[in-house]
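Comments concern the structure below.
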Amino acid sequence: MDSENIQAGHAAEKNTGKRIEVVDYNAEKKRSYSVRSADPERIAALADIPENLVRWVNIDGKCESAVLQNLGKAFRIHPLIIRNISNHTQRAKIEEYQKYLHIVAKMIYYARGRLVVEHVNLILGPRYVITVGETEGDVFDEIRLRLQNKDSYVRAAGPDYLAYLLLDAIVEGYFDVLDVLDQKIDELEEQVMSVTSQDHLHAIRGIKKELLLVNKNIRPLRDVAAIIEKPAASLIQPSTQPYLRDIYNHIVQAIDSTETSRELLSGLTDLHMSNTSYKLNEIMKVLTIISTLFIPLTFIVGVYGMNFRYMPELEWKWGYGITWIVMIVISCCMVCFFKKKKWF
Amino acid sequence: MDSENIQAGHAAEKNTGKRIEVVDYNAEKKRSYSVRSADPERIAALADIPENLVRWVNIDGKCESAVLQNLGKAFRIHPLIIRNISNHTQRAKIEEYQKYLHIVAKMIYYARGRLVVEHVNLILGPRYVITVGETEGDVFDEIRLRLQNKDSYVRAAGPDYLAYLLLDAIVEGYFDVLDVLDQKIDELEEQVMSVTSQDHLHAIRGIKKELLLVNKNIRPLRDVAAIIEKPAASLIQPSTQPYLRDIYNHIVQAIDSTETSRELLSGLTDLHMSNTSYKLNEIMKVLTIISTLFIPLTFIVGVYGMNFRYMPELEWKWGYGITWIVMIVISCCMVCFFKKKKWF
Amino acid sequence: MDSENIQAGHAAEKNTGKRIEVVDYNAEKKRSYSVRSADPERIAALADIPENLVRWVNIDGKCESAVLQNLGKAFRIHPLIIRNISNHTQRAKIEEYQKYLHIVAKMIYYARGRLVVEHVNLILGPRYVITVGETEGDVFDEIRLRLQNKDSYVRAAGPDYLAYLLLDAIVEGYFDVLDVLDQKIDELEEQVMSVTSQDHLHAIRGIKKELLLVNKNIRPLRDVAAIIEKPAASLIQPSTQPYLRDIYNHIVQAIDSTETSRELLSGLTDLHMSNTSYKLNEIMKVLTIISTLFIPLTFIVGVYGMNFRYMPELEWKWGYGITWIVMIVISCCMVCFFKKKKWF
Amino acid sequence: MDSENIQAGHAAEKNTGKRIEVVDYNAEKKRSYSVRSADPERIAALADIPENLVRWVNIDGKCESAVLQNLGKAFRIHPLIIRNISNHTQRAKIEEYQKYLHIVAKMIYYARGRLVVEHVNLILGPRYVITVGETEGDVFDEIRLRLQNKDSYVRAAGPDYLAYLLLDAIVEGYFDVLDVLDQKIDELEEQVMSVTSQDHLHAIRGIKKELLLVNKNIRPLRDVAAIIEKPAASLIQPSTQPYLRDIYNHIVQAIDSTETSRELLSGLTDLHMSNTSYKLNEIMKVLTIISTLFIPLTFIVGVYGMNFRYMPELEWKWGYGITWIVMIVISCCMVCFFKKKKWF
Amino acid sequence: MDSENIQAGHAAEKNTGKRIEVVDYNAEKKRSYSVRSADPERIAALADIPENLVRWVNIDGKCESAVLQNLGKAFRIHPLIIRNISNHTQRAKIEEYQKYLHIVAKMIYYARGRLVVEHVNLILGPRYVITVGETEGDVFDEIRLRLQNKDSYVRAAGPDYLAYLLLDAIVEGYFDVLDVLDQKIDELEEQVMSVTSQDHLHAIRGIKKELLLVNKNIRPLRDVAAIIEKPAASLIQPSTQPYLRDIYNHIVQAIDSTETSRELLSGLTDLHMSNTSYKLNEIMKVLTIISTLFIPLTFIVGVYGMNFRYMPELEWKWGYGITWIVMIVISCCMVCFFKKKKWF
């Protein structure tokens, strides 16, 4: 059976909305193949899962809406879900239906320096998992590899464990993004402390927007906790619950991390503003000190530029020299005074 | 029956408080007509809904209060609701009564550049929906069209689905408004970054007020969640619950969006203030540098303007030239010093 | 019976702690009279309510504490309540006791430009309502009129509806105060935008204190919701519940309104500070520009005030004229430079 | 029996950790005496309460820990409580144990201008109350007096009412402190508005620290509400519940009050900063106006100090006078211009 | 048996991932020994706990992962826990599993002036406690000593009490850190008030980051409350519950303390900024006053430096002297004026 894995590899390459990737597995065997999405009958047959097998159906979100509708009918998924799958402005969420669980998660990563948010739908049924992603999710490749390994736990476990693995792969990605953001903040902090530039404010604003975006897309996933606590959720086996709890912990950790980052970021604005105003004020202070030093001297030379007929000093032989000495003494006194006051 | 739709179109035009628009429908047939609001008996008869039909009664909120009272009596609606319908300062809310559900929602849209908030009442009973709007709600026109289509799901579903459609149309409108607000914030951000003007503060305050208004009118609708969770609400069929959950998600998304916008907006105030103070300070710095450059020079020329009898420099042939050279050297040194310190 | 209403009118006038106003009513008849508060036996008899009647007992809070104690004993009201009635620093609250409901509400209104908070106690029992106000509450006059009208709903309803009416009258008063506050904020906003004065800050602080006062006195009434939700509260008939829910909505609306006002107010502080600093900076900028324009010119005239023997320019015939031209050119260049930089 | 009260008075004086004060009472009789704390057997006997009596045991917290341990063993109190009693950094709290209730409250008052926080432990058992205070709590003297009065309600009520009285005495003390703080804020506000001094900031910070301290020690007592709502708490008789509810209301009121004070206080910082910067800016403005007035004049006199050979104005007879007139006109124009612009 | 304690002391020294420290105890006897971590069979045998004994297994977290996996298998611990043990980025948490309780706590302390966060795992089973720390936790040495003491309560109590002791030792460490932080803030406050230096901002930011780190690692432990309240948690004996409640109180106290510290710290930023700007402004004010004093004088001497032919004052004998007197008078007037206005 494992010989079919090569075919699966091919399928992964071609699968740009035209083919549906299917993986059937249980502890003993595994078969991966692809179905042409233009073939409604074969799609309808997908809901017919051979006994003792778990089926993972992975569709490219860019496929035609008819494909999704056929799939929805086959698996008896609520038409609203099918309609919403292609609506990428949907909020991340976890919703329970009677026979399946609908998860909308956002895959977040940096691509060419820009933050990209991808819409991933995941439907977990009694014996199947359907995933609909925006692009060919290479994040899931590791899970495909694990499924090939006969000894891996996922082969023995049910579809709920597969759903956990998929969700976990997405959540792990959040931490990569948060690490990049933390690093950006650290770098910016160093820059703010060394250079003063109005560009820092724009950089801060840019990071803040990214943080808001990440936070907004992670936060709704906290609802995963609600599903663990409801023992009635027969879709989740007790053995999988610790794993979901682990994901919940990761999500809370990620949210905490965004909060901490935001707090640090807002402190950075204050730091920048304080630094900027401090440095500007320092410059003004030095300039004003220079002016203040010369103004009394200018007054003195002005005095002896007066044209009064009777100004005895003007006639003195050492008048000019004494004036210079007086001016130097005054300057020194002022400099000492300023230094003593620690003005520079 | 469908031939009567033309009449309904007419009714919609004339219906400025004088006629009540009525639509009766089920999967097979649909009839839309209008009733003169001045005729109490015909209003009383409206509560008499033929079996297997769903009735949608749409009244203009500007009609006389007697009309509403008659209608209230006919449908046994609590007099308090009837009294509150014309009170446009009422908060948005969703309230359960034993036999019906009362929803007050606010339609929000931009008309001629100003944000308009309209008061819409919706009463969902076992087999009827009553809507009371402020103006002839063209937002509902799309729903009228859907009702004409025999194959549309609404024809087969109950009044709860119709109520969902009406509420959904209102909620969709929120996103249009939020998009406009987001765009306004983006535009303002660009302006704040390029030009410094005290007008920006007023613009920010204007947008903030609009955001507060939107937030205030959307927030109470979150209570829709409470109604989904109560299984006893026999008015809502299980098949309609996913739709209400969808509306709930949209409302939460809209509220989140206003929060994000507010945060961005408040950051904009800081950005504006920082920019303004930065630019003003920069100007002051340049001006002060100019002054500071000339003050020592003015002192020097002052020195040689003194009238001491014995000033050897004055007698030198190159005294004047040397003074100029000294002054130029001093200026250059100061400019270099300022440049080295990165003061300009 | 209605002939006694005149007497009631008299009673209302004289009733400054010396007389207790009593109104007995049901759908058919109504009797209003007053009891001398100095007569303990008649007070004790007040608890003896004729069958099928609802009794409203209204006491002036300034009466002697013995009167309240007698009344408390007669109606078997907990001594703590009686003790607290005259304690005007009590918080607004709604508390359930086994046989009655104790409501402390604060009547808030403007009197001679100052915000006045009045303490009102309301005890709702199985067949009676006792109100204790600080002053002769003219807010309740409208309710007295309604009770005279045989056809009004209150005559047919129980004491819980009367309590609703009284509470509603108090809550309505909040909106009048909030409207005044909103108007004050609007007026202040206009002033802040046109004039800069340090007085604005004090005005903002004044309004903020009023808002805090209003908010503090309204907020505890939110607990009214808790009473609606407890179905065991046999004192509240199901038919009165929608009315209480309406009051709850009003209270929440009033609280929301204070929150919005506070947010607008705090924005106003920023606006004021920004405007003040902006205008001051503008003045400084203009002054500095004037200084900066003259400083180079002063340097030039200083140059030709030097007394060097060999200064060729001084001998030129057009030296003086050329100097003027140079100075004018320099000034024009500087003005152009400043204008180009948009410095004024 | 009442003759023993004199002895109790003596005991109160000497009781600095060496004697344990005991009061036994019921509706008919009351006995107060003291036990030497060094006598373990007598302490052990304290737990043996004669039938129908309530026992109040009051120990000075500065006694040796062995005393507390003996007492704890006698009354079967959890060793953790005994250990914690002398730990004054313990948080205020209310904890239920199976057979008793442990309350840690903080007595807060001003002593010699400084805020003092005292640690009070209160253990309420089925028929006893144990209090352990830091100092000889004169706050409890009033309660001792009440216990002497045969007709006071406390004599007839159980130990829960005594506990209420003790807790109430502590909570009442909070309001005295809050009143002092409010007064301090009001005084500071007046000062901030009249004088600008950097000391205000330190004063604000001092009050803020006191507020934080008060808030921190009051807040945990809110848990008193949890105990009222649990009907299983057999230690609290239904008749005492309204009293506890009253305490809860007081605590909430005190917390609210600290919140309001903090908000006013933080507004005060803004007011101070704004005032300080405003006044400094005003001074700078006036100074700059003076400079700006003289700079053009200095330029003019500089012009006529030039030594050009051909300067026609210098030869004019009225040159000097005209120059003065021109300078005065220019000054007047500038002053008018500044006045028109409302710059001073 | 106690003779083996010496061996335990040795084990503690060598135990750097190569040996597992084991302590078996009950009220009568205690045995401590170490097991080579490279021996899987002996590890497997560890789960075989002799009846009536409590076993504490302490492993160094730096051991090979195989050791942990063997241990996990022996004690039937969920593989996810074993996997997470070496993941030091895990959040602090308390999680209940069916047969054991998994606690991740963070040991926080200062080492060489830097804040160190250590990851500690604690698994509490029916008759065992497993601890996995990052370093050889000397914090636990005191507990080892207590276990040697036959009379200590821990010997008689179950593993839940041992877990309490371990957790308590960690929580106590938090207060040491918080005390250091409080002291740092106090020192910084004094410095901010006396000296103005831009370094303060960096110091504030440093402390803030430490506070955020501490808060983040303490906060999740609040969940300890959830475990106390669930009576089903058979792992926790009722007699241990008060101890856990005590830990909960300590954790809440620690969190409160970080909140208070953060508030004080943020106030410190304001204080620093205000002080800095105040002092800079004061300097500028003095400098400007000096300039302003000399500018009118410079104007006067300029006047008499003019070369008009007809300037009567120049010819006066006392002209020069009078000019000096006038200038001194003007200076004095200005100084008086500034003093009167309290400008310096």
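Think of it as A, B, C, D and E in the order they're written, each chain with its own count starting at 1.
The rule is short, and it goes like this: a contact is a pair of C-beta atoms (placed from the backbone, for glycine too) under 8 Å apart; a residue touches a chain by one contact, two chains touch by 3 or more.
The model shown is predicted, which means the values in this text are computed figures rather than measured ones.
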Can you name the chains that touch subunit B as well as subunit C? none
How many steps does it take, at the fewest, to get from subunit B to subunit D if each step moves to a chain that touches the one before? 2
Between copies subunit A and subunit B, are the contact residues mostly the same numbers or mostly different, with half as the line? different
Calculate how many whole Å lie between the centre of subunit B and the centre of subunit E, each centre taken as the average of the chain's C-alpha atoms. 44
Dist(centroid_CA(subunit A), centroid_CA(subunit E)) in Å evaluates to 27
Taking each residue of subunit A in turn, which ones touch at least two of the other chains? 277, 284, 288, 291, 295, 298, 302, 305-307, 311
Name the graph shape formed by the protein chains and their touching pairs; answer line, ring, star, complete or other. ring
List the residues on subunit B that touch subunit C in their complex, please. 78, 80-81, 84, 89-91, 93, 95, 97, 198, 201-202, 205, 208-209, 212, 216, 269, 273, 276-277, 280, 283-284, 287-288, 290-291, 294-295, 297-298, 301-302, 304-307, 311, 313-320, 323
Sites on subunit E touched by subunit D in the complex: 153, 193, 242-243, 245-246, 249, 252-253, 256, 260, 263-264, 267, 270-271, 274-275, 277-278, 281, 284-285, 288-289, 291-292, 295-296, 298-299, 302-303, 305-311, 341, 343
